[in-house]
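Chain IDs A, B, C and D follow the sequence of writing; residue 1 opens each chain.
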Amino acid sequence: DEVNLLDGVTARAEGNSTVEAGKFKKDPPWVIGMSHFGVNANTWTVQVAHESKAAAAKDKRISKFILLDAGFDQKKQVADIEDLIAQKVDAIIVQPVTSTSADASIAKAVAAGIPVIVHTGRIETDAFTTEIQGGAEHFGKVMGDFLVKELGGKGNIWVLRGLAGHPEDTNRYNGLLQSLKGTDIKIIVEEHGDWQYDKTKKVCETLYLNNPQVDGIWSSGADMTRACVDVFKQFGTPIPPISGEGNNGFFGQWIKDGFKSISAEYSPSQGAAGIRAAVALLEGKALMKHYDYNPPGWDLEKVKKYYREDLSANVWWPSELTEEQLKELYGVK
Amino acid sequence: MASLVEMSNIAKAFGGSIALKSVSLALTPGSVHALMGENGAGKSTLMKILAGVHQPDAGEIRIKGERVTFARPKDAIAAGISTVFQELSLLPNLTIAENMFLGREPTGWLGTVDYPTMNQLAERALAELGLSLDPRTLVADLTIAERQFVEIAHGIKADANVFILDEPTAALNAADVEKLNRQIRRLRDAGKAIVYISHRMDEIFAICDTVTVLKDGELVGTKPLAQMTPDRLIAMMVGRELKDLFPPRATELGEVVLDIRDFRIDAAAKSFSLSLHKGEIIALAGLEGQGQQKLLRALVGLFQPAAGTVSKGGTTLPLPASAASGIRRLQAARIGFIPEDRKDEGLFLGLPVSHNITMALHAGRPSLALAKPYQREIAETLASLQVKSAGSEAPVASLSGGNQQKVLLGRYLAADMDVLLIEEPTRGVDIGAKSEIYKLLRRFTAKGGAAIVLSRETIELIGLCDRIYVMHANTLVGEMPAREATEHRILDAALVA
Amino acid sequence: MKPSYLKWLLGQGSRQGLWSLPLFIALAIALGLSLTTQQFTSTGNLFNLITQAMPLIITAIGQMFVILIGGLDLSVGSVISLSTAILALGGPAYVLIPAVFLLAALIGAVNGLVVTRLNVHPIIATLSMQYIVLGVTRILRPVSGGTVPDIVIASVSGTLLGIPLPVFWGIAVLLLSWKLLHGARFGLHLFAIGGGIASGMEKVAHNFGVAERRNILLAYVTCSCFAALAGVFLAGRIVSGDPNVGLLFELDAITAVAIGGTQLSGGVGSLHGTVIGALVMALLANGMNLTNMSPFIQTTVKGAILLLVVGLQSRKKMGL
Amino acid sequence: MAMILADKTWQRLRRIPPSYLVFAALLLTLWVLRPHMMNPNILGIFIRQIVPLGILVLGQLLVMRVRSIDLSGGGVILLINYYISSGLFPGASMMTFVAMAIATGLVIGTFNGVMIAKRRVSAVIVTLAVSIVLVGFVQYLSSGKPPGDVPAMFAALYNTKLLGIPTPVLLWIVLTLLMSLFLARTVFGRAVASVGENLSAAHFSGVAVERTVIVAHILAGLMAALAALVQTASIAVGSVRVGLDLPILAVAATILGGVVFGRGEGGVWGPFFGVLSFALLFILMTTLGVDEPGKLIIQGFIILLAAIFYGVRSAKP
């Protein structure tokens, strides 16, 4: 039977292969290790850690879940995976820091007979056991297509990118370029806001004061959309169409201020999906090698269903945390 | 005999101030050449030019008749010129041997520094000066006199023809000076040329053959010492006869201002007491390291004695004092302490003269108070001490050694203290200025002040003070009126104990 | 002889700084880990530990050379990234590896020249160099990737006589730096220059005839080349070029040097102390992984232990 | 006499910190290339962006003048930002938060100062470690409660103007003025200069050396707290990470401003213009659309060239 890893996750149609049933079958209890690319990078990465832990805690057959934090340091991730191998865990989940730096150590784990699940970041080799990939290009394209539609195929846009040198940033940006191909939309400025509120706010203020004429804004997500919207609000001018990502604070802003936007989906529950994939492999179920996570963007209607006024700005949707966990972590009085 | 080194018409200016105007100097092998002059006359500058530290603006240097230019000290060292600089300049984080051989370390296999050889050579060089120091000791762990000796050993150990000794004895006592003189004579007899700078007249006459006098950067003249008397030499330097080096002593004393009771330097030492009266200057004399410095430093918390109290006026301060606040406690009681090491402990070299003079005044006031300008105090201090500087805003580092010493003294005279504890009142100060400083100290006591003085120059103690305490083995062994003291009596008192 | 040996152990009467305390702490951590976890003492993990510590050891030793002269090199992180980027350009190793070191030497030389001849504060000189080199690296390699010569990869991941090659890297690096610091006049002269700078007597070593500027320049070149060596090692480990791999590594290196008792004001420090400092940091990271410490408290624990180590290293003089 | 006078002017000219030059050059460039930006309102908004760094620099220059350094600012800012945005203190008033922030700054500053002055540990490492501990503490707390919004009042205050100047900018200018007067006019200022120049000479002059260093660090902690309040007000949202580069930038701005360890030729205004130069540089490169690598390279070169210019000019004869 099909294993449901996460809503919106599907087996890749082409060039896929099967991980044969029973290959990694093991009797519980299991020890599962996870190498997180950076727990404390931003509130989304924090939530991935919480979602992963919650999913692991739910399954009583997992006796121990070891979460290691690479802190966005390639060297440390290599060391983390080595340390997990040394501890002889039953499965390793990897969120790679970059598309190449962890490849060798992943191959080492697989060679040691440990299944490796890769998610929220591609690697360049096929050395892993199975992967669940929220397509960063898809993500960027969902946002880009929205702008193309809103602007009727022509106009000048700003591009707010994430952390320079980070593969997720480049791939989302490549998705945008795909959308723009053949249109008359021109990128008039391109700046890195590092996915952070404070840096983006400075960038947007500067861009706006230099030249407020802009037809649309492509923001690579995270906290950047809110920052840029706040700048336009501060100057009291209409907010141009701008792309965003599933963050509760942004949702509230969108609902309140009613500008044109789209929310690309990139759920922190991919952390839970990784746990489920590991469990499926250890149970001896058959899995595919490649899974894609390419959900459509959210419109205001869907956003209104998810928005929670009683939670803080830093929850990311959709989430699999229970109501209690949500309240405890994000509740505001 | 032909000159080994000829410096002719050397000129040098620093920014706007002219340090040397067309000075010439010739050094002959096998002779000791004294270089004399008031503070700031340009002696060190002339020697630094010969050592390659400064480059002259005009003039030329010839060695054995051949013209040379030194772009850096290394060049001068290579030309056979070895220097002991006036300012102590050993590296505290290197060992004695490393300091002595820095820049010319013996190397062995693959260019490795040959430490065993180096230490051996160093040890031998120290032994020749009568020192039994472990060459592997860090210089930071040495006393100031030991450092001075290491510096001298470094200078005279070099394989050189010309030796420059710029005030090598400023931190040495009479016995040590004699050790040094033996070495200088040995070098002289070996046919080396030696330049000897000192403000101590007796040393000059004891060891030098020729003297060159500089004044305000100009050459006054070069004379064989055999034709000179101290008075004539002073007249040449100062431009007038110096009648009395020492001012008259106190005629009457006031009440006791400072009373040191049951003082015991360490558990093994005998305890003693001493007191200082208003208007009085007392001296702590004796051989080097017999506890004189420990006593003074114990009062400011830099040395922790076994027991004792010190009282001034009505207040009694128990000892040991705290290292962190001892100085401030004393200053609050209007007792000032003047350290001997003006470069490391005394002056703010990079800051203006005015800041250096006023800091003790500022320090006595609350942190948040507005800083007063103290213009009158600065002007008076500069005038009364006759400090030679490019104004009160010039950094102290640009002053000559003796003028720096005056600034340091000026700080505590300006701070309006009742008692001064002075480690070395005239270290590196020229004879004219010395006499000024003595007068100033007397003026200070005449107005009700009092002072305790340490000095390596026994003559100075005898001439300046009213009463002399002799110390030996960390305790007091004698007391005599300075009027009746002679070097001999003091030594006797120290040794008989 | 005996008392001086004890003094040496306590780091007294010498210019080696307070390195015995961090050694004690490293041993305590190691002991604690071997008692509480089974894996720590396994040969596999010990070799892992050496491999994991190697880039930091190499970079920290390089950094120590400039810290000894009261300098600082903030550009080493960028030099590491640049080195991996160049190695991943694709090309024969015999071209790329010399190119990496030549470029690093050039960067170090520029740092050194700017500091000595143009009178610029080392923090400013090397910070601007950090920006410039990072910019160039981002142009060369905007995101991680590329192919690293096989020999580089093999030299990091291979074994010889059953011993992982990083162990030999370690031995080679130690021999080289020992030679530079203690076996040549270079090291002694660095101590001399640093001692002068630390005690406000900048020109003293110069007056002794030490080629002050040239040695300072060489210290920066050495530091940069050690960083390049760490870059080569890392390229073999992450099997790619990466513009961000060295990010903030300079702070780790400086921290390791300081933990090892070397004084940032110059003139006091030691090679063994620096290695111990780097090992303390590697042991901390390894230990926190092995004891499965929550990632949310790891940073606090790391900071607290650093604080403890430096808090106990009280010195005579105040300063950086 | 004329020669000496000329010499003095030259001396003074040689001591103009590089930051003044960079600032003037950048302003001129902006004026030529983007004349419409040379409007006080627009410049006010730009300057407002840099105020947290500017305030942090005030503390940095103080500790650098006593030959110390403070790298803990990043951690202080993060912690204060966290407890204002986390909702851990429901219903706390703005004044409560301000008081808490100041108390935090003072406590951390005191700790740094005592460790450095009394225990004599390495200033670089102890303040770096304090920063790491604070960042770690926030990470620990955020595992139980990730940060959320900043109370709206902070943002509202951030956007006000006084006398036509954005309030944060005014705060920065006032603090700079106070610091400048404090250093130039008080006894404490003299003590700072003395300790920076020669610690033992300061001690022998009767300066309370340890106290001076501790107070400098306490003030630096206070400045970090004030910087944190402005930073928090400006971003309206909580964070789990701040750039560790903020303290390093503060050090760089201070040195560009002519203040180095122990010496303070640039006074307080040199570093002030150092910070402004960083702001202008950012604006210029953003409005000119320089790409990321280009930005880094240009930034590096400009800082380097300014420093070289200054270094060559002030080289000792």
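Observations
Keep in mind that, in the parts below, a residue touches a chain if its C-beta (ideal position, glycine included) is under 8 Å from a C-beta of that chain, and two chains touch if they have at least 3 such contacts.
Keep in mind that this is a model prediction, so the values were computed, not measured.
Taking B-D and C-D together, the chain pair joined by more C-beta contacts is C-D.
Note: centroid distance subunit B to subunit C, computed from Cα atoms, is 43 Å.
With centres set at the average Cα position, the gap from subunit C to subunit D is 29 Å.
Subunit A and subunit C, compared by their mean Cα positions, are separated by 35 Å.
In subunit D, the residues that reach two or more other chains under the touch definition are 139, 142-143, 198, 209, 292. Contact of a single residue of subunit A with at least two other chains is seen at positions 39-40, 49, 164. In subunit C, the positions touching at least two other chains are 138, 142, 200, 294-296, 298-299. Contacts between chains, counted with the stated touch criterion, involve the pairs A-C, A-D, B-C, B-D, C-D.
Residue ranges of subunit A in contact with subunit D, taken from their complex: 39-43, 46-47, 49-50, 164, 189-192, 196-198, 201-203, 205-207, 209-210, 223, 226-227, 230, 234, 249, 312-314, 328-333.
Contact residues on subunit C toward subunit A in their complex (touch as defined above): 39, 42, 44-45, 48, 51-52, 55, 138, 142-146, 153, 157, 234, 237-240, 242-245, 247, 285-286, 289-290, 292, 294-296, 298-299. Those residues of subunit A that touch subunit C in the complex are listed here as 36, 39-40, 49, 64, 66-69, 72-76, 78-80, 82-84, 86-87, 98-104, 124, 164-167, 170.
Interface residues of subunit D facing subunit C in the complex, by the touch rule stated above, are 67-69, 115-117, 119-126, 128-137, 139-140, 142-143, 198-199, 209, 213, 244, 248, 251-252, 255-256, 260-261, 292-297, 299-301, 303-304, 307-308, 310-312, 314-315.
Touching subunit D in their complex are the following residues of subunit B: 14-16, 324-325, 327-328, 331, 337, 339, 344-351, 355, 358-360, 362-371, 411.
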